[in-house]
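Common to both upcoming complexes is subunit A, partnered first by subunit B, then by subunit C.
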Partner chain A sequence: MNTLRLGIVGLLLLAAPVCIAQTRLPSSVQAEDDPEEPQGIQMIVTWRPPDEPLQVDGLQAVGQRVFFRKMGEAQWRLGPVVPLDATTAPVGGLKPWPWPRWEIGVSLEYQIPGAAGEMLTVMGRPSTIAPLPEAIVGPVRPVGAWFKPEYTAVLVLGVLVCAIVLITLYTTRGRAEQVYIRPIAGLEAVNDAIGRATEMGKPIVYVSGLSGIGDIATIAAMLILGHLSRRSAAYETEILVPCQDPLVMTTEREIVRQAYTEAGKPDAYKPDNIFYVTDSQFGYVAAVDGLMMREKPAAAFYMGYFFAEALILAETGNQTGAIQIAGTDADTQLPFFITACDYTLMGEELYAASAYLSRQPLLVAQLRGQDIAKVIISAVMIAGVIAATYAVLTTGAAADLANAFVQWFMTE
Partner chain B sequence: MGVSIEIIGVWVAALMTLAIFSFLYADNPVYKLAEHLFVGISAGYGVVITWHEAVIPLLIDPLFRPENVDLAEPNYLVIIPGLLGLMMFSRFIPRYDWLSRWPIAFVMGLYSGLAIPASVQTYLLPQLHATMLPIWPGVEVDAWTALSNFLLVVGVLCTLAYFYFSREHAGAFGVASKIGIFFLMVAFGASFGNTVMARVSLLIGRVQFLYDDWWLPLVAAPISRWFGG
Partner chain C sequence: MRLQIPLLITFLAGVFMAVQFFVPHDLGVTAYTELLNWGRIIGAFALVLGIHSLLRTHLEKIRRRRHDWPYSMVAIVSFVFMVVIGIGFGSDPGSAFDWLFNYVQVPLDATMFALLAFFIASAAFRTFRARSTEATLLLVAAIVVMLGRVPGSLLVLFGQTGVGEWLHSTMPDVSEWIMNFPSVAAKRGIIFGVALGSIATALRIMLGIERSHLGGGGGGE
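Up next, the complex of A and B:
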């Protein structure tokens, strides 16, 4: 028994120098996916800091530096610098899906004493930047979340609205002509504007906003342009379309060419009337202003998304005496159009315009579907107001439940 | 006084500003000159920016100089958008100009799809949540806050009624719609005033530039020196 005890003590004594040996560099590096970061572009690195930082002649250890590189890469990338006693640090800026594998290393950060700002990184060996193998972990990879629970409301509402529109599309398209669409003054005036231009023998200027082709307002504006072109082609009234985006210009040329063909006047189509100006906001405005002052159009249309140029365009058009019809979903620019134009399509009226003008079953059914979605959203809103009111009037489990209902709609 | 590039720059900026302002009187040759310079330079500048900010870093570097964009090996996936971009040039060959419809369809489809969750997340849900407010005084809600919330809720619902298209705006629904228009116009009025203030600030900034950077040092001072002032 005594022999056994002596043996255990002996073993402990032998192990002691190993256990209490002071480390001089970071070691035992581990890395795992940051569970708080959903994209999978950040890892949390943990390690054992040095008990006594390695001394390098002429240099002073000022912290610990995390390095990382993609597997196969030769060069290390610089991660964060943390204090000498830190044991963990996040490494961000990694590549998202498909989440490549990485190597992560930790070493010491040195500074030349007195040379403020002049940093020198020494990865374990003063003469090289390569980290010591003991201070490297890898391959490791972060993993992104495929589903963010905090966006459940976005998914539910998005699917709900899409489903309503699609179901209405399916059930209404056969009887779209029976669907009532309330009169929209600005669209009633479109035909008057074309007629005025025809009578005066002057062109129509059509501006489809300053947003790109991916903007819903621009798409709505192009649909309206199609209708306008068909009508103006029938009367052989010239339509000038200065464009700020080359893709929009290309698409609008296709739309107008198609409209002229449908109107039976393919030879009257002039591609040069739909032209690119510049993508500079105020350069474009200067050109369109000049165009309007010189051409004196009978009608001017501003459809799409607008920024600060809205008032400048509408004011110039007003000076030329043109009948002006605007439509935008840019709420900050609507007041200017309302004051300077004869008619203004506000917000969703712009989206409804194509259905109103064309009466195409597909578009009318979409409009009907959006209306039904609005009713459901209004009902949800009223339920939320009742829940919020109930939550401030009472306490207890029911109030908590009401509060939870309201909070469910909160997104980042 | 030596003529430096900065002084020339200030003179050009000031004269171009005045040339553009001359449009307030009438369309004239000076405005036309400024307009054409503006359009031409900005179009050229746009081409250069597109080349350096889009074509090189997003297409050429990932393919041929991956180290410039922090890649270990070439990213051949960028060939797909590169080809879509090249298809746009088919516009110059009438026989194949139909090819340009593919990239346009791709972009329109992509952005239309992206717009749905983005609209729900950034417009619909935040506005829904912001409207779910208590409309009766209670815990931490005083009478004025409750009244303000009530007006907000009524305003939102009536405005939604205005944007309901597939039903005649008559009777009670018509009244709600008219109230909605009233709320809209009040909001637009406030927005109008706010933006006009911002525009006046921009004008003041431009006039300050003309006066402080151009008129005083580059016009008034030399004239004063000329007359021995």
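Up next, the complex of A and C:
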């Protein structure tokens, strides 16, 4: 009985487009790009709804369905369903590239009223009439934006910083040895730490954070590892690098191998000293803690991005008596490292470490450029504070200008 | 060429990532998503290297009977057991793998995490000693913040007296002020330096100034 009923429904749906009057289906369909949607995958469709929805035996019109398809496609793709009196709807999923042209249509959506008044779907899915040619618009295409205007200030300041760094780099590189670099105690102590490990005949443990290789802090940590392993290779001091990410492990093996080669000690390089532990945060901590308690390293380095494990690592290292040097840009973990480690590189010092340790002219020149950019941006920040205060305390054209200056820097 | 090609790839990838940040168009979004997928695929292959390293490290330790080698045995047996259970019987909710994860690994993780409370206490004990002006300021700020977070303790200390009531009502505000103003100001300063440092580091890697990660001798010339 149910099969027979569904068969009748199907026949009615097939026959419906032939025997209907246009005024009883949606018509006058138009589509235009959605200006609020910058990705360029959505259009706003408008149409004239039916005055009185087309009646089909055994079915009840429950809404209007929007369809879309690429030009030339036979099959319609289902868009949103909206109420019977709706005149507009957004249609998403219209990918603007590789620059297809789209057709969009609107029709009616039907369901079977159940015995208890509930609405049943036909064959397990909503039933609908394909749009008539009069209710189709196309070819149309959404237009994506190529720039986020709300990021204008970010772009301008980013370009400004890059320009300052590059200009300073190329004007200063010839006299980089004259550039003053503020002594950083944590980096000055690197040689002491290596010397201590050499004298004691104990290894150095190097942890490069718990972030992935895509994190700039991890990259900075790997750069420091390069310098550190070059020096430890010269003294043939063992350096143990437990890794939490296999990609980081692979890269660090290459860095350390190269450092040993450059130090003229390629035979002293042991790839097994840079090893993978686990990607589980506390599993990794347990392994590194165990390693430190067993090996009793002379020095421990924690460089990179850290989470809640920072203090567990540093306190364990403290208990083993190792000289500890940490460096992180994770502001939430800095207090823990400052508390438990002998030296801590705070924030940008982590990024300056490579230049500090290598004293390469280009890197030192770049540090100077970074400092000049910092001074300029600090001046802009102070100007912003003054402008914001002025805009609040006064009125008039000058206050509006001050407010516009502050607003320009605002991003979502 | 061994150095130039990686440098070129680094430069192009860096420029693309910087540009796509400002481009909302679907072309940029799709390309970005695709690159992330590539990263995941490379990561999956790298995991094989990671597992090789893990097994090699522990097997070597067992073979040489190094200190605490039985722990390596536990690590390898656990690893093999989880792989067999996971591949053999699936990892759906309610499966043996899921049970082992929820009732073995999660409690073990929680145990390690719980150590943090004791380490915070021992670190605080070492740090909060008024040995200098700065350390004294830190000590006072810490006491105010701690009491402000648990104001009921002030009523226990001072009783329902005028002083107790006043401290009970005032200390949370003072604590909030310390956390919201001096603390945030210091954090913003650090974040500001980090942002500039990140840009400069990215720039020198993209331009090939820093190439110690490629084996170029620590960057420079």
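Assume the second predicted complex is superposed on the first by the 350 of 412 C-alpha atoms of A that agree within 3 Å, B and C clash if a C-alpha of one lies under 4 Å from a C-alpha of the other, contacts with A are read in each partner's own complex, and residues count from 1 in each chain.
Heads up, the rule we're going with is that contacts are C-beta pairs under 8 Å (C-beta built on N, C-alpha and C of every residue); 3 or more make two chains touch, one makes a residue touch a chain.
If you're wondering where the values come from, they're calculated on a predicted model, not measured in any experiment.
> For A:72, is the partner it touches subunit B (first), subunit C (second), both, or none of the two (neither)?
first
> Mind working out whether A:262 is in touch with subunit B, subunit C, both or neither, as first, second, both or neither?
Once the two structures are laid over each other on A, A:262 reaches subunit C alone.
> Of the two partner chains, subunit B (first) and subunit C (second), which one does A:270 touch, if any: first, second, both, or neither?
neither
> Name the contact category of A:384: first (subunit B only), second (subunit C only), both, or neither.
First partner only.
> Is A:158 touching the first partner subunit B, the second partner subunit C, both, or neither of them?
both
> Name the contact category of A:101: first (subunit B only), second (subunit C only), both, or neither.
Neither partner.
> In the overlay, answer first, second, both or neither for which of subunit B and subunit C A:392 touches.
After superposition on chain A, A:392 lies in contact with subunit B alone.
> Quick check on the superposed pair: does A:175 touch subunit B, subunit C, both, or neither? Answer first, second, both or neither.
neither
> Is A:334 in contact with subunit B, with subunit C, with both, or with neither (first, second, both, neither)?
In the superposition, A:334 contacts both subunit B and subunit C.
> Which subunit A residues are contacted by subunit C in one complex and by subunit B in the other?
Shared contact residues on subunit A (touching subunit B in one complex, subunit C in the other): 151, 154, 158, 161-162, 214, 216, 219, 246-247, 250-251, 254, 277-278, 280, 282-283, 286, 290, 294, 308, 311, 331, 334, 336, 339, 346-348, 352, 367, 374, 377.
> Touching subunit B in the complex: which residues of subunit A?
70, 72-73, 151, 153-154, 157-158, 161-162, 179-182, 184, 212-216, 219, 246-247, 250-251, 254, 277-280, 282-284, 286-287, 289-290, 293-294, 308, 311, 331-332, 334-336, 338-339, 346-349, 352, 356, 367-368, 371, 374-375, 377-378, 380-382, 384-385, 387-389, 391-393, 395, 406, 409-411
> State the interface residues of subunit C toward subunit A in the complex, per the touch definition above.
Interface residues on subunit C, with respect to subunit A: 18, 21-27, 29-30, 39, 42-43, 46-51, 53-54, 56-57, 60, 67-68, 71, 105, 108-113, 115-116, 119-120, 122-124, 126-127, 187, 190-194, 196-205, 207, 209-210, 212-213, 215, 217-221.
> Could you pull out which subunit B residues touch subunit A in their complex?
Of all residues in subunit B, those touching subunit A are 20, 23, 26-27, 31-32, 34-35, 38-39, 41-43, 45-46, 72, 88, 91, 100-101, 103-104, 107-108, 110-112, 114-117, 120-121, 124-126, 128-129, 131-136, 138-141, 153, 156-157, 160, 163-169, 184, 187-189, 191-192, 195, 199.
> Please output the residues of subunit A touching subunit C within their complex, sorted ascending.
38-41, 95-97, 144-148, 151, 154-155, 158, 161-162, 165-166, 169, 214, 216, 219-220, 222-223, 226-227, 230, 243, 245-247, 249-251, 254-255, 258, 261-262, 272, 275-278, 280-283, 285-286, 290, 294, 308, 311-312, 315, 329, 331, 334, 336, 339-340, 346-348, 350-352, 354, 357-358, 360-363, 366-367, 369-370, 373-374, 377
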